[in-house]
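Structure incoming, see below.
Chains: A, B, C and D, in written order; residue numbering restarts at 1 for each.
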Amino acid sequence: MSKTERVGVSLDKKLLSMFDELIRKQGYSNRSEAIRDLIRSRLSEKQLSEPTARAVAGVFLVYDHHSTQLSNRLVALQHDHLLQVIASTHVHLNHNNCLEVIILKGKVKEIEKLANNITCLKGVKLSRMNIMTTGEKLT
Amino acid sequence: MSKTERVGVSLDKKLLSMFDELIRKQGYSNRSEAIRDLIRSRLSEKQLSEPTARAVAGVFLVYDHHSTQLSNRLVALQHDHLLQVIASTHVHLNHNNCLEVIILKGKVKEIEKLANNITCLKGVKLSRMNIMTTGEKLT
Amino acid sequence: MSKTERVGVSLDKKLLSMFDELIRKQGYSNRSEAIRDLIRSRLSEKQLSEPTARAVAGVFLVYDHHSTQLSNRLVALQHDHLLQVIASTHVHLNHNNCLEVIILKGKVKEIEKLANNITCLKGVKLSRMNIMTTGEKLT
Amino acid sequence: MSKTERVGVSLDKKLLSMFDELIRKQGYSNRSEAIRDLIRSRLSEKQLSEPTARAVAGVFLVYDHHSTQLSNRLVALQHDHLLQVIASTHVHLNHNNCLEVIILKGKVKEIEKLANNITCLKGVKLSRMNIMTTGEKLT
């Protein structure tokens, strides 16, 4: 797609052999790909420290579906933020508990605020948020 | 649903007022709920340090959908692990990039291994994993 | 020292017994102390998201003391930032490697910049930074 | 000291220029050093997932030095674990609060247990732990 450049990196032999073993175990097909992943991950991390950077996030909620009010509030909250909420996936975990994954897109600070509002709803047992850059600049 | 107990906690007044302000901003309706969330989060964290604990996870991938091989490999990998893969959601981020959220369920160590295999596929630009307990014991 | 207030928290019995077991294992003498720690940790986390908040940090470096240039640069860099650098502790880890812990104090953004400058010095093998509020407001 | 090998990595030009900008800002003198740091950090992270791996850690405590009992318990606890406790540094943060950095060395699981015991002492306001490999294998 876009132009690539070949870069030389000096690595101690022992360090290199440990790295090769690690990425082989993980399943990487080659070293370049593994190093690119390290670089992209570092860049993404830095970009996200800007509150106005564009990001995509997943909010994970584990909750008891018997708290009917929660389901209604979750739906209402998502519709109130149509611009940021892209999709949500609902999974039945066990007799009582559901997992809901809500995918958000927007500026870092907007996403964080909305995620906060969601995770503190009564009935939510556990919550986590994953936030990443949208990959637009990471080729 | 199940029996609750009222517990008394001594808190410094200044600490309490700062906490009240924080949770009000986040949107909590009351203090008990906020403290329960802190406790559940701490318990979940501990439970996940056991490799055989039951967990649910979301693997987030940002990738360029033009790498057609990746899409095929992603589908194949998910079908090879039907027991662990519950659902996946696909979102179009921008002209080049997609977000895929793959929801996994199983033992912590199985999930981590599978997530590793997914994230090192060629074409994946960014990846993150969120892992949580299934909430069975967290009422 | 300062005034305390007794707060009531409703907790599910099972959740409470799991929490009690966890904190007993960790060595807490009572529940209030454990809950206060959760609250202080949450508040500190929020306070640190402000770039101008006052903080204290420890920068951990593992490096090969045979890179003599590094030692000199480390000393020079610390003297260039006398206002932020409070103390440093040096530990001999093994034949080749040293651990140096540099304690910094200042605004979050100043500390992060300085820590960055330190960790990217040639010869540093591993580095981590720990950042915390100075506890002034957390009683 | 030990043998190095030159490795070629293919990188997209835009990705490379973003990475170059990032590491220039951080203060890296060259790309190889920055990539080596990413690799060492990844390896260290993996090594620490083994409970029996050798590690070095810093436990950071912010506490009110007026809780005289805490100081005594801290000293006692450190002497009870002479094999793991290497050094501690004490810093006066403000009128009420001290920072104590306790450097530990040993197996990951021993260190985590000891750190837990320290951080739950009554009077400790905030605590964090940093854990790293001892760098023996990371050249």
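In this section, contacts are C-beta pairs under 8 Å (C-beta built on N, C-alpha and C of every residue); 3 or more make two chains touch, one makes a residue touch a chain.
Computed from a predicted structure; not experimentally measured.
Taking the definition of touch as given, a chain qualifies here only if it contacts subunit A and subunit D alike; none does. Averaged C-alpha coordinates give centres for subunit A and subunit B that are 9 Å from one another.
Chain centres here are Cα means. That of subunit B falls 26 Å from that of subunit D. The multi-chain contact residues of subunit C, meaning those touching 2 or more other chains, are 40, 138-139. If touching chains are joined by edges, the resulting network of the protein chains shown is one closed cycle, each chain touching exactly two neighbours.
On the side of subunit B, the complex with subunit A involves touching residues 1, 23, 26-29, 33-34, 37, 40-41, 44, 56, 58, 60, 62-64, 66, 86-87, 89, 91, 93-94, 96-97, 99, 101, 103, 105, 116-117, 119-122, 124-130, 132-136, 138-139.
For subunit C in complex with subunit B, the touching residues are 2-16, 18-19, 22, 31-32, 35-36, 38-40, 42-43, 46, 137-139.
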